[in-house]
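Single-structure report; data block below.
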Amino acid sequence: MILNKQVVDQHNNQLLDKHKRNFTHLSSDITHLDYILEKLQQFQIAIPSWALGTGGTRFGRFSGAGEPGNLEQKLEDVGLLHALNKSSGAISLHIPWDIPTDADKIKQLAGSLGIAFDAVNSNTFQDQPHQAYSYKHGSLHHVDPRVRKQAVDHNIEVINYGKSLGSKALTVWLADGSSFPGQLNFREAFQNTLASLQEIYHHLPEDWKLFVEYKAFEPHFYSTTIGDWGQSLLLANKLGPKAYTLVDLGHHLPNANIEQIVSLLLMEKKLGGFHFNDSKYADDDLTAGSIKPYQLFLIFNELIDGMDLHGMDHASGLGWMIDASHNLKDPLIDLLQSVEAIKIAYAQALLVDREALKKAQQSNDIVKAQELLQDAFRTDVRALVAEARLRMGGAIDPVQLFQENEIRSQLIAERGVNTVATGL
Amino acid sequence: MILNKQVVDQHNNQLLDKHKRNFTHLSSDITHLDYILEKLQQFQIAIPSWALGTGGTRFGRFSGAGEPGNLEQKLEDVGLLHALNKSSGAISLHIPWDIPTDADKIKQLAGSLGIAFDAVNSNTFQDQPHQAYSYKHGSLHHVDPRVRKQAVDHNIEVINYGKSLGSKALTVWLADGSSFPGQLNFREAFQNTLASLQEIYHHLPEDWKLFVEYKAFEPHFYSTTIGDWGQSLLLANKLGPKAYTLVDLGHHLPNANIEQIVSLLLMEKKLGGFHFNDSKYADDDLTAGSIKPYQLFLIFNELIDGMDLHGMDHASGLGWMIDASHNLKDPLIDLLQSVEAIKIAYAQALLVDREALKKAQQSNDIVKAQELLQDAFRTDVRALVAEARLRMGGAIDPVQLFQENEIRSQLIAERGVNTVATGL
Amino acid sequence: MILNKQVVDQHNNQLLDKHKRNFTHLSSDITHLDYILEKLQQFQIAIPSWALGTGGTRFGRFSGAGEPGNLEQKLEDVGLLHALNKSSGAISLHIPWDIPTDADKIKQLAGSLGIAFDAVNSNTFQDQPHQAYSYKHGSLHHVDPRVRKQAVDHNIEVINYGKSLGSKALTVWLADGSSFPGQLNFREAFQNTLASLQEIYHHLPEDWKLFVEYKAFEPHFYSTTIGDWGQSLLLANKLGPKAYTLVDLGHHLPNANIEQIVSLLLMEKKLGGFHFNDSKYADDDLTAGSIKPYQLFLIFNELIDGMDLHGMDHASGLGWMIDASHNLKDPLIDLLQSVEAIKIAYAQALLVDREALKKAQQSNDIVKAQELLQDAFRTDVRALVAEARLRMGGAIDPVQLFQENEIRSQLIAERGVNTVATGL
Amino acid sequence: MILNKQVVDQHNNQLLDKHKRNFTHLSSDITHLDYILEKLQQFQIAIPSWALGTGGTRFGRFSGAGEPGNLEQKLEDVGLLHALNKSSGAISLHIPWDIPTDADKIKQLAGSLGIAFDAVNSNTFQDQPHQAYSYKHGSLHHVDPRVRKQAVDHNIEVINYGKSLGSKALTVWLADGSSFPGQLNFREAFQNTLASLQEIYHHLPEDWKLFVEYKAFEPHFYSTTIGDWGQSLLLANKLGPKAYTLVDLGHHLPNANIEQIVSLLLMEKKLGGFHFNDSKYADDDLTAGSIKPYQLFLIFNELIDGMDLHGMDHASGLGWMIDASHNLKDPLIDLLQSVEAIKIAYAQALLVDREALKKAQQSNDIVKAQELLQDAFRTDVRALVAEARLRMGGAIDPVQLFQENEIRSQLIAERGVNTVATGL
């Protein structure tokens, strides 16, 4: 289904008075209002194709209904999100879950919905039917060169799919690791991974980026071969200028200071992309901002600081993507909530008085520095985010519109109850 | 397949000289040798029916081959383990994965293999086909009394299956929890759980125990309704004398002192059962003793101390079970490794000079107390464990026998490559 | 020094227009405005006497200047805070750091400043000069009854000091624990602790409460004898109706769900008191709300829910105290920041639409429940908190007033640079 | 005091028979016995000068007695340890706690005891009397160049002390960090640290190494400027070939896989030194091997593997040091226990059949790899370690000798009860 513009307008008319009152009040104290609104309008967060269906855990999955059954329907779903929030103008495809067999047709559909193609994602953590070698013991790090070659070839194939759609980046997340002491020679696993990535890098188009993701644990429970930002950065540096580190918020050990990692990766000009989600215990893949909203704000605070320093454009300088698992809530609503939380954190970080912060830091005025950050975070910026959305034709309250118009029911009517999206 | 006694004898003959040399050397320093050997022989660890197949994570499962395709074959597998190690003389069934449709036949088969029926396990964390209500939002804690009733009825059904086989305990592990702040009223969730458990308790035969398991997180990522030993103990106390807490090693927050929990639960006479596995990060469900063998020893040290104080028989006083997930290794070998590690820890703990330890503690002689524990742990007790096994007709080195006799290949020949056991 | 009312008025006049604008805007959407303002005015958070000086770590302490050198000056400091924020109307004394040798005089001084005496705190984690027995190996849990008696007597002495001042509660935080496996018999340590606490309880006046604090680790690094809420609750239940659990936010294992603990303790009518601070790694004792403000809000959300259910008065139903360590910032400013963060979280939690939340929970509407909590948390309630303060004669922006009026410089002028407050 | 050779001989004579029996039994199965004994004899672990006194926490310190009151007595203490275990033939000095005012005399004394001078350690985490600038807000990372210069100068001074004694390495551990979001510009802090280290590096003698230590948290609780191995490696690479990373076991986030870090640092030829201790929760600084002995073994397994690959001599290839805090036990006994645990882990790792392990890894034989490591770890190697000690003239059981000969009492008699060693 395609969202009717009228539906959006009707929704906005209902909420406009209240919104305007809030926006006017809020904006009266903001000196660089236009700049912030412009930034908020430009900021787009890619939706991964696998996040449009119900997620699960190893203990089971409780399916939703009306899930998108093919790539076209997934694009439609992202189109719906984008029509509502004007900030989801990109999709990130996962191969082989979402192979664009007819790339031109897919591009055309995406174009009609205002959707671009973000990074493509390879999958060497699962075996596919008719695959020659198993990834049970890893892929790019595997001791057997034939397995490595198969995994490299798969990544090249993914690049080719991406080229046909206009993607400009390949994200490599490896499950490769070990679950028992002794299972792996850490050094050789690292070096095999490097050699494999070098082959993939060799096939990367000149204007592409290679994102090297890291993760502390799961699905292996003793070691992960690209386990932290240090290992990812080491690989990215050895690979060359097109290789970057990708940070996923849920891929760290307990209590990690992620904002510091972000800051240092930007310092090294090696931060490439970002996967948003939230977590309390492990890689919980919850809705962005649902558990630690202040951390999300602090990360944006560093992102802005580091990107501005290097003259990087906020919207295009990094690859932004949600990577969550929607086990309990409607995936589309969950994604709307994530995008909203991300934009709120971004807006709050844009509000930070950077000059004053710099001055406080230079004089070790900890109280002032803390007050400046808390002042921005405590500000209710929702009207700012809504105004940016409104100016682009989106909905003042996307979740409310989605629910009041019973969009999921419409999708179920279209697609049926028992459709299941590919993914985890 | 049934393991031929001759195969075991042949294996033992090969290793006997070396074993005897080690055993003789070791036993020369042990004052209460017979006592320890007797204890080791009596100690049996139940095998859960779901652990006989290949496990997986939410990212996928890499199947093994020759998995048991039905309950009879699962019993055979446990029979094989028991023939090898003489310490796996019980199976713990999970309903509905392993329903004993013909209880008498199953009992007869088990009896012929020397296998008893340990605690039965209910499952309200997955939906079964044709189930009236979904457990997506929980089971015993559910806001809807109809869902609670369905889950209670299922548990009563599980008790009945258990009665037909001679089980004497019901283990209730609830996935019930929440993944987002606000989702749940913690208090009402607890009280609904209590009320549901009270109904189940009401149906529990007089000579049964009810094991209330707790878990910190997963599959929910914000709260678990029975999240720690404090909550489990609260429930067990409110339920009555037949209700006990069950400890699973992987179900704690990082760095928890599990041995202290064990000690206090024994003090309160409310420790009922134990699930063995090992973990580095979360509920990793790895082979027992593969990551933190000293912790396993310290736990047994408390178990012995507390059980002896209350005159509890080591073998029958608590329900002992392995609860691991065999994602990478052959499940049967993995189980043999777990049992071996558990018995090593038990043997080491039996070696501790308790009188001297008590004296050291009474005089705050920390050095001495530490030396006493380390002395026991550093002792190579493998010959002791092997001797106990040997005296019962088991194999000196079960893993080696399993591999040299290519037992898995024999099972594949019998069962085929693509059989898949029920479970996670 | 005593803060001149004129100084506050002058400050408020400057900020009044802006404040009124914000307050008017905010209050237009709040239905139960008067109720919230009243609650905010009543809510008082006690200041511990040891938090008025510079804190330190085991690696050292970097002293501030103008610290209060005696109990009278500490009272003055709390008086200053209370004059500024009207929410710090109580002090919590620690014995023997702050012995009120002339209780009447101290009471009179406190009364003149509007300061009440909150829970008194005993100290058995340090040795005092001329003490007969050392607490090196613990106090209430000690194997030697003479040490236990000494520690019990000290607690009785503390109760007596408290009685002389009008305190109504004793907080017992025990460092008792062990740093090495084997050092302690957990069970006997628990039972010794219980017996000691029973003696103390026996001396507790009828209208007093006994707060049993727990802590996961530090200063012992293997076990703590009262290590978690389960152990504290067990003790409180065995002690009797005057005994309660006290929760300190920093005393948990990583990732603990503290709000769930709070909810269950309220359910059991055994939550007695609360120590506010914040932390990222361990018992970091940072400014409240400086690291995880959403967690603080979620805790208040449970506190309100549970207290309302039992008809407990928010202000008097529990003992509220800050327990932080001011290693880097001016202690008085740090305390103002903590109180502000606590009141913001409380105000946000008061905003939650409880009826709607209940309804969402009853229908498993996770989206709605999440939106309700986030809606309250994202609201900028600072004007609400400021208005409550203003109506009581406090300052609109206490930190700003403190800094602009160079209050610390005035204190240094009065007290000198090198005064050092007793405490950690 | 100097340990009389006769005392050692007498002790050994008592234990010799039992030792020989154990050693003979053990050695019968070891193919490369001489190699292992030789390695064990060569392996020396430096004792830090600050670990010879009683340690403490921020909550207090419970002093021991007979502590060394000056550098000469500290050397004597290390001499005692070395006479007992023949593995403590080096001391690591900390400036300004242990300034060698008369270097020649100190060198002579050390020489007479068989003690070499290991890495020297600077201290910029505490303020010293009469210091121009405070380190309250950091040292090498400080925003003020004058503070950085002071800290650089101090490090140069430490190098000079080290040169006068024959040290060949400088260890820099920085407490520099922040406790509140916003306090620090992470990037500039890193760059200031780099610039400061470059100046220090510039003054480093050609044959010296610079060890850059990292730590996750404490004494700062939000960020540490050199917080993990990735940051340390980044600095070491930017500094040059003489700069290395130093790993302290207690300086990681929960659950970190330290052995993998060690392996990768060796791969990069940037592992320089090692600080041994053990911990359960944070930087607990407990006796090595007292909590996680299997982890210690796994680390040595990687150390041997990586060092052998690069042809590094085990004894001299890395800087080995204990860095523990002896809060409860006699520091000298505690150090003996640490050295013993380290040598046991080293001996077990030397036992690993590396060829077989390599083969198992190459064929993904996880069971075999695990069995090989567990086989080595489960072996009781104490007789091997004792034999190596015996052959060098040390004691079969150093702790027992220390206690039976009441060495501490002799030290108290010499030094008095109330001497206090410098340190934490």
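Residue numbering begins at 1 within each chain, and the chains themselves are lettered A, B, C and D in the order written.
As a convention for this text, contacts are C-beta pairs under 8 Å (C-beta built on N, C-alpha and C of every residue); 3 or more make two chains touch, one makes a residue touch a chain.
Remember, predicted model here, so these are calculated numbers, not experimental data.
Peer 1: Using the contact definition stated above, find the chains touching both chain B and chain C.
Peer 2: A, D
Peer 1: Please work out which of A-D and A-B is bridged by more C-beta pairs in contact, and write that pair.
Peer 2: A-D
Peer 1: Distance between chain A and chain B based on Cα centroids, please, to the nearest Å.
Peer 2: Chain A and chain B have C-alpha centres separated by 40 Å.
Peer 1: Return the distance between the CA-based centres of chain A and chain D, expressed in whole Å.
Peer 2: 43
Peer 1: Would you pick out the residues of chain A that each touch at least 2 other chains?
Peer 2: 136-137, 179-181, 183, 216-217, 222, 254-255, 257, 280-281, 287, 290-291, 294, 328-329, 366, 370
Peer 1: Applying the document's contact rule, which stretches of chain B touch chain C when the two form their complex?
Peer 2: Chain B residues touching chain C: 136-137, 143, 178-188, 190-191, 216-217, 222-223, 227-231, 233-234, 252-257, 259-260, 263-264, 266-268, 294, 298, 301-302, 305-306, 309, 357-358, 360-364, 366, 369-370, 372-373.
Peer 1: Give every residue of chain D touching chain C within the complex, in rising order.
Peer 2: 55-60, 62, 125-127, 134-137, 175, 179-181, 183, 216-219, 221-222, 254, 279-282, 284, 286-287, 290-291, 325, 327-329, 424
Peer 1: Going by the contact rule set out above, which residues of chain D touch chain B in the complex?
Peer 2: 21-22, 25, 254-255, 257, 280-281, 287, 289-294, 328-330, 333-334, 337, 341, 344, 366-367, 370-371, 374, 377-380, 382, 399, 403
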